[in-house]
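Take this structure, written in structure tokens, and hold onto it; I'll ask about it next.
By letter and in written order, the chains are A, B, C and D; residue numbering begins at 1 in each of them.
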Amino acid sequence: MKQHIYCRHFFECEIPFFDVDALNVAWHGNYVKYFEMARCAFLNEIAHNYNDMREDGFCYPIVKLQVKYMRPARFGQKIRIETQLVDFESKLVFNYTISDIDTGEKLTRATTEQVAIRIDNQETQFIIPNALQQAIKQYQGFQAA
Amino acid sequence: MKQHIYCRHFFECEIPFFDVDALNVAWHGNYVKYFEMARCAFLNEIAHNYNDMREDGFCYPIVKLQVKYMRPARFGQKIRIETQLVDFESKLVFNYTISDIDTGEKLTRATTEQVAIRIDNQETQFIIPNALQQAIKQYQGFQAA
Amino acid sequence: MKQHIYCRHFFECEIPFFDVDALNVAWHGNYVKYFEMARCAFLNEIAHNYNDMREDGFCYPIVKLQVKYMRPARFGQKIRIETQLVDFESKLVFNYTISDIDTGEKLTRATTEQVAIRIDNQETQFIIPNALQQAIKQYQGFQAA
Amino acid sequence: MKQHIYCRHFFECEIPFFDVDALNVAWHGNYVKYFEMARCAFLNEIAHNYNDMREDGFCYPIVKLQVKYMRPARFGQKIRIETQLVDFESKLVFNYTISDIDTGEKLTRATTEQVAIRIDNQETQFIIPNALQQAIKQYQGFQAA
């Protein structure tokens, strides 16, 4: 079943030297940073970033991460990360596709799941807090317009 | 269906300060390092580590990573990583379970999949190379004895 | 004695979440990455980056690093890194000054020293290789013009 | 002038695969982690670690870092870090020497300086807080005994 994509956002960066391993490719664990940079850029875009979340009283730890590595990335390679928001009801679920900026070749796919936790009592929320839901809906309207 | 566990290995370490994020817990991306340290310790144990693989003409890039985060880990927390080898025919598949050393509480579960690639022609192998298969089988005999 | 500044270059970036520690500030070790990103951006600018160096037969390991931390940087803070080339005769020496983009406040100062090593025989060079010297001189002419 | 060494402590570890760069040596920025692991092991030993510091109301940010890289370290290399406490009056100053465990060869030398900051008002202290001074003096007595 195809997932509905609520919003889509693009983030670009370059593989730094310090992310490359002895096999001359970006070490697989470093991609988690790329996904987070892309996700944070999206949250900035919808004007509800990690700082806003904290002020709203919530944090959103990652509870699940899945990555499929298809092709390696090398030092200096320019990559584009497409971030798709596919769920924001009970969890915040993002899909990511990394591709080479020049060739468009798909390199990596990933999914992250986050739950909301109230900072004061550490209780897991079963519904994504309203402030984040509103920020997403406003941005959706903006993207649809 | 339950997976067959060919070998099992334990690795212990402590969450360092530099792995902890602004929420006072180990940042989710840092667990990929713990899995690699545990996997490398296992490969040392069976006497076929990354250096041996390279001399044998192969590298084993990660093609899939799945992590399920159940409980956070904090600075100075002592963790045990159980590494289970569950496949070594066409892919090298490991399951990992991280638990707190003191309480035994399960914190994180993960799976990695690696394929063998011949270094000289960059060809993906559909069978795990013989030298690694032998090393695993010898270790299995040793564990069973 | 004041050092002569041969070239000067500016690089901007933002403190990512994963670089911030339990004290809510960028962990001190992560600045080494910012210096390298700034240095690599400069080397791209003069058209003699790490890949060009390797093709020219040399690598340039860091032999000395000095950092003075004056003010902390926080998640999402936008920083500017001024990179100054202050020596390229026997060593490649860069000074770095990180400041807050919005306020201009100086946050961190650093210096790195690199020597050239011939990749084929691993011999340390006592003079910076000609190809790099030329690239720097061309860029200087360009900056002076 | 030779510095007085108040305490000395040894920490051992192994260069992990993910710390090694495209030149097959530990990337220079990763040493900052080794120094911190060694320093934290020392602070555990004197029973006044980062958690104790925080409970005592202070944090100790690094204000200065100097590293001299003499020889590279490679994947799987076993290293010993000698940590020497050389000042704890107005600043906390440590010297570090990394050597190869097998050959004893010196690889890297470093120094870090930390100041104490009161967490509640963010004021820099001009004297190292008493609780840390006491912990060090007790350990010195223990080492001298």
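Basically, contacts are C-beta pairs under 8 Å (C-beta built on N, C-alpha and C of every residue); 3 or more make two chains touch, one makes a residue touch a chain.
Please read all numbers here as calculations on a predicted model, not as lab measurements.
Visitor: Greatest Cα-centroid separation from chain C: which chain?
Guide: Farthest from chain C by mean C-alpha position: B.
Visitor: Please state whether the interface between chain A and chain D is built from the same residues or different ones, using more than half shared residue numbers as the mark of same.
Guide: Same: most residue numbers at the chain A-chain D interface appear in both copies.
Visitor: I'd like to verify one number: the distance from the centre of chain B to the centre of chain D, where each centre is the average of its C-alpha atoms, in whole angstrom.
Guide: From the centre of chain B to the centre of chain D is 30 Å.
Visitor: In angstrom, rounded to a whole number, how far apart do the mean CA points of chain A and chain D lie?
Guide: 35
Visitor: CA centre of chain A versus CA centre of chain B: separation in Å?
Guide: 25
Visitor: Among the residues of chain C, which ones contact at least 2 other chains?
Guide: Within chain C, the residues that touch at least two other chains are 17-18, 29, 32-33, 36, 75.
Visitor: Can you list the residues on chain D that touch chain C in the complex?
Guide: Residues 23, 25, 28-29, 32-33, 36, 59, 61-70, 72.
Visitor: Please give the residue numbers of chain A that touch chain D in the complex, ascending.
Guide: Against chain D, the touching part of chain A is residues 17-18, 20-22, 24, 27, 29, 75.
Visitor: Of all residues in chain D, which touch chain B in the complex?
Guide: 16-18, 32-33, 36-37, 40, 44, 49-51, 75-76
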